[in-house]
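Structures for review follow.
You will see chain A twice below: alongside chain B first, and alongside chain C after that.
Entry: the complex of A and B
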């Protein structure tokens, strides 16, 4: 019972995700942010260290229960970084007044920092900061969409895979002032591409649906590939919907640029080490591939229905976040801005 | 946001589910000696966790768990799960209902009715359910059906499954006839009857413009019920199982005024019940093959902790398993935490529990090894179940659907084939042979009510599946001889209502004769059935005579026909008098005699005696008899039998007329 009370917020979040009450990463992000905001304003903590321990416990808890959902963990990890920064600047302002450029460099080097001192102003400054962060999260999709006109030009043919709400917004934004064609890969066996295509077609975008097998044939006519992703890995690779690797390889063959729309919270300090890495991928029910009514055949075969694909960084041309475009090789830099080095491994 | 949620919850009724935790059988002996079926580990997680998590993910908010035995264990388990904040405990309330007097599924439902806990439509689960079905849309559909058809009592949930899947239990396969709007007309479990043929009542085809016949369905044992299901169970004390209920409702559809609908689950939804070892094996394999996603071992079933890694070939390995060789686990294997596997050991298609110590050179195939068991070097385990805390010393061989109970110690080099073994001698008087200090062999109880062959087949079908064993096709001969027997009873195709009328009359007469009822009352009864089945006068006469003539077969089967018929004829004389009033009725009577005699040799032999009796009692006139006789085919044996009587009649007539002259 004690455990339940301690973690009730994060357990509720896990249960909501499992019951698919929250299905897209944006909802999960907003819920996680609210959860931590509540923890800061109502939770029992005195020093920054206490608070960080509370959050870290939640991160481990969540990562253990739902290892595939990196979003929530990333948000909490970023908030840890905010707490560290606020704590630092709080003491800097009190003690030494002005910060020198030299000092800025040295704080990051200082690993054995002590966070146990009580800083009364911490709570209010954190809440201010989180409010800002929340606005950033909420406007992230619009900010990404606003860059659409820089990347989509008139009469281009854009190829996308499956369904992504960020990509949908991006394309709809561009369609307000430009005319272009979209080719949607249906992404078997879940066929979310069909939903995407119908959403785009309702917005008067010229849309074509193609099966996954036609990607290579279609690629030569395409000007750009624009996709969303589930997670961006530390090396700039992607954990994306299954089928994306194939699209990326086809694009590479024809030297077509691939743009990946990614919110900052999708950036994860995770590396892929082996194809059997625990919880990197997950297999869904084989029903989509081979129906249960197939009878005796089912006993003779193993059916795999993986949810994710790994796309290596050399196949990605550009990441577009709300701050603008970045090359995959720059992801490590973004990561060090987002998360404190001590929090990357938890 | 939360306020909005609260409001919507308040407006909407809480969706309830009823889980019957007791299976009222001994299929799982001796494993279920000390663990209830609901706590049987399925892939190292108690079965109950799958059921509850399924209900929670399916959108159920309140569950009643109905227990009859091992209540303390089940309650303990529920409480510890809630403490560990299992997935379902957050969104669903679970009430344990105890009723130790219940002896069947039906009793449980009747008890539930008495307790008046159910407020609206509810989901009814038979014991041992696993699934990942989204229940809310089906409940909604059931609601809509109830709005159009007030009598809708139940929606059965079935899954499409190809026939002949290896290791599937044939008891789970269903033949169903339904109307296009999913109303069930006929529901039959294929495995339960030995008949090779299936009888479809003609009225199903006559009353409905179009019907769909399915035979590739698997019962999920999950159903959506209207509240009146409870009262129907209470009103009909003979309903013991859900199958009884479905059958009873379909037969007496008009009387009970209730109908049954069905729903086919599609896409990646799956449902099944663990009803015997074969289903246990089949469900285990389906979970290993991820049909139950997201309830798969590597995602944690209801716990927040995930302890398994999913590897190639559907191997699930706990993070702290000690393997000497990485290639010991071949395919479809799950191995629990704290276990160790020795050198050159091969494990395939098996479930290994937690903290199991497996020695070197061991072969385990298609088997289940529960937790804390020790398996010695050079052992072989195939198609068997090894309970908790067993010790198999070096070189044991356990094969052919053996089941070894908790705590058994097998000495070195034991060979166990198709045995049930438990660690203590039985208290209940079941015969047991001592094999070793902690190993007693149980002989399966000889079933009293059903014949041994039937029971053997039943047991064969419900134990673990072995591929090298021929499926029970060897009783093909039994089936065919039986169908021949059936043929002698099938009479020329008569419209169904008339047929029913005939059985009704036979029943009335049998009862009347046994209880010595007044013939007037019987006539009244027959007349009322006549109106109920809308039968013409001609058919009434025909069938009443036929019923009387067939009565000896009902009452005194195997005894000489004529002596048993005589008292009956005497007794029913007033009835005969009532129905055989005019010439056309006499013709009907004679046709009935011909009809019965054609099918039954006994009557054929004494037909002239019967005719003689009827003639003497003035039921038949000689003109009609002679007239009828002239129409009979001369080549039949029947003709030969009747001929002496008619000859005598003609002679008598001539004699009397000459006398008159």
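Entry: the complex of A and C
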């Protein structure tokens, strides 16, 4: 009972995600941020250490319940980093002031101290910081979309897979001033590509819908592949919608650049645990692949409906976040800026 | 069409005239009879019948065809059709015996299922027509006319805006008003043999799919034609047959572009025509031509298939996990043979929308007691790591070594290649082709775009159902793609196991025509 009350906020979040009340990662991100904000302003904690333990407990709780949903954990992890920074600067302001230049090389060295001291100003400064972070989250998609004109030129053919609200925004932004065509891969059996296509066409973008099987046939005439992703892994690889790997391979075969639009909160310090995708994938209901109406056949066959695909970093050309473009090889660096090294493994 | 349709208006707003409907009816009923006969003769695979018909696209696809005949506007029509059906039955049965013997593949099973339904329906209908002429047919008409108009309406939209909703890159591939146009041809052209009219309808509705099946169906129709052919006065048999053949073939081409297998078979047949001894009587010529066709089927398709099966079976060992894509009659034969040889292996069937031919494959493999898994093509990377061999069928092998096959095949080969798995393409040499092609754009086929939009796998309906209202939206349904030869480890033919690049060698070895 006590535990239930303690975690009621995160349990609610988990159940909302499970019941698909929050279906895109942006909603999840915003909800997580609100949750932590509430925890900071209303929770029972005295020192930074208390607060960090509270958050860490929530992270483990969440990670155990939804291991494949990295967004929420990443947000919480980044907030841990904010807490550490605020705590450090709170004490250092009294002492030495700013330290910047050598900070780059040795983040790990100088702040492994204890966080148990009480800093009265911490709460208010944290709330300020979180408000700032929230604005960053909210404007992230627009910031990414604003870079569209740097990547899309006139008369291009752009291929995208399934539906991503970030990609949708990106393409719509570019369509305001440039004419281009979009080929949407329908991404069976979830068919979110259909929704994406109808949304794009409503914005007067010339849209072609192709089944997943026609990707290779179409790829040779495509200029760019622009996709969203579920998570960016520590090595710069992707955990993306199932089917993206074959799209990426086809693009590689024709030397077509693949751009991945990713919010910073999709960057996860996780590595792919094995080359077989079992530990990292989940399988959805096979009814979408082979309907129940197939009758007795169902007893005799194994039907799989994997949700994710692992895309190795060498197939990705560019990540575009709200800060600009980065090569996959730079992801490790972004990670060390986003999260404190002590928080990477939780 | 519209002014004639006035009479038929109370029947159904499907935009067909009486004549057209009658033509359609004759065809569907004929095909039913054929399928019945093949059902009886197909004792080699008795298990197939055990499996109940799926509620999947197979039935839906056939639906419009089935419904149209029931909507005939007068009793006279129905009676006539019944009579014509009886006359057609004889020759149809005769002709199909051969093709039934030589495994008509996917179309068969589908057709069998249809046959059962159709037979029941017809038993009822004909009973009614015979017993009381006045009342029952009307009821029949009413009940049937209630449903279909929705289904037909998209066709009309298509007629209105022929140039919109076309992908620029594929402009050369679109057929003008593609279904409507060829439906009209049924009535216009009276010198096409009914066997070809029926075949055309089956090609158009894609109820006969796969290049082997299409070729076999064409050859058996050809035999029917030869059987029924009577030389017009003061003309030579071969000459007039050739000209009749030409109109029939043109009709088939409007229904659906030829498969390479068909082109090759037809070319060989024309060669037979030129070779035939002119001193023979017409009857002797007929039987000689039919024998040549039978021999062609036997040598190029049946024995070739067995030879390929033997060859591939040498490569299949215990504990193999074999990945296949879609449906191929040859691959099916190979796997069934391997099972019969007592090998223990698993098969992963990958399938691609919108045709979902893999389900048919799965059904048949399961009937043959082969352990199967089933996934859609987007999961190809998910399973590829575990696979030990990839077996693929082909529509045609091009002279530059590229493989033309159902869309998605290239992708499977690509992923297999990146996982370093051996890819074997199985293909009879009669599907080899002198054409060269490096992309999937120049020569391809565009199928019905509505098929992309219909989501039959899950209960959700697509967001694109009214895509015709938005001019910026275009679903694209490509039939084939071209696999580069780099992805293919070897091609297994009845002659030898070859690298893709040896296709021109085989082409040169072919008898000169």
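We adopt the following convention: the second predicted complex is superposed on the first by the 327 of 346 C-alpha atoms of A that agree within 3 Å, B and C clash if a C-alpha of one lies under 4 Å from a C-alpha of the other, contacts with A are read in each partner's own complex, and residues count from 1 in each chain.
Note that in this section a contact is a pair of C-beta atoms (placed from the backbone, for glycine too) under 8 Å apart; a residue touches a chain by one contact, two chains touch by 3 or more.
All values reported here derive from a predicted model rather than from experimental measurement.
Q: Please indicate which partner A:19 is in contact with in the superposed arrangement: first for chain B, second for chain C, both, or neither.
A: In the superposed model, A:19 contacts chain B only, not chain C.
Q: Of the two partner chains, chain B (first) and chain C (second), which one does A:287 touch, if any: first, second, both, or neither?
A: Both partners, chain B and chain C.
Q: Looking at A:242, would you say it contacts chain B, chain C, both, or neither? Reply first, second, both or neither.
A: second
Q: Looking at A:306, would you say it contacts chain B, chain C, both, or neither? Reply first, second, both or neither.
A: It touches chain C, and chain B stays clear.
Q: In the three-chain superposition, say which chain, chain B or chain C, touches more residues of chain A.
A: C
Q: Go through the superposed model and pick first if A:119 touches only chain B, second if only chain C, both, or neither.
A: In the superposition, A:119 touches no partner, neither chain B nor chain C.
Q: Answer with first, second, both or neither: which of chain B and chain C does A:11 touch in the superposed model?
A: A:11: touches chain B, not chain C.
Q: Which holds for A:296: it touches chain B only (first), chain C only (second), both, or neither?
A: both
Q: What is the contact status of A:30 with respect to chain B (first) and chain C (second): first, second, both, or neither?
A: A:30 sits against neither chain B nor chain C.
Q: Looking at the overlay, what does A:65 touch: chain B (first), chain C (second), both, or neither?
A: first
Q: Quick check on the output: what are the common chain A residues between the chain B footprint and the chain C footprint?
A: Common to the two interfaces on chain A: residues 276, 287-288, 291, 293-297, 302-303, 305.
Q: Which residues of chain A touch chain B in the complex?
A: Touching chain B from chain A are residues 1, 3-4, 7, 11-12, 14-15, 18-19, 61, 64-65, 67, 276, 278-279, 282-288, 291-299, 302-303, 305.
Q: Show me the residue ranges of chain B that touch chain A in the complex, using the header's touch definition.
A: It comes out as residues 56-57, 59, 83-85, 87, 90-91, 132, 159-167, 216, 267-270, 289-294, 298-300, 304-306, 309-314, 319, 331.
Q: Where on chain A does chain C make contact in their complex?
A: 181, 186-189, 191, 194-195, 197-198, 200-202, 204-218, 220-221, 242-243, 245-246, 249-250, 253, 275-277, 281, 287-291, 293-297, 300-306, 309-310
Q: Going by the contact rule set out above, which residues of chain C touch chain A in the complex?
A: 51-52, 54-56, 167-169, 352-354, 359, 362-363, 366, 372-383, 385-386, 406-408, 410-411, 414-415, 418, 439-441, 444, 452-453, 455-458, 460, 462-464, 467, 470, 472-478, 480-482
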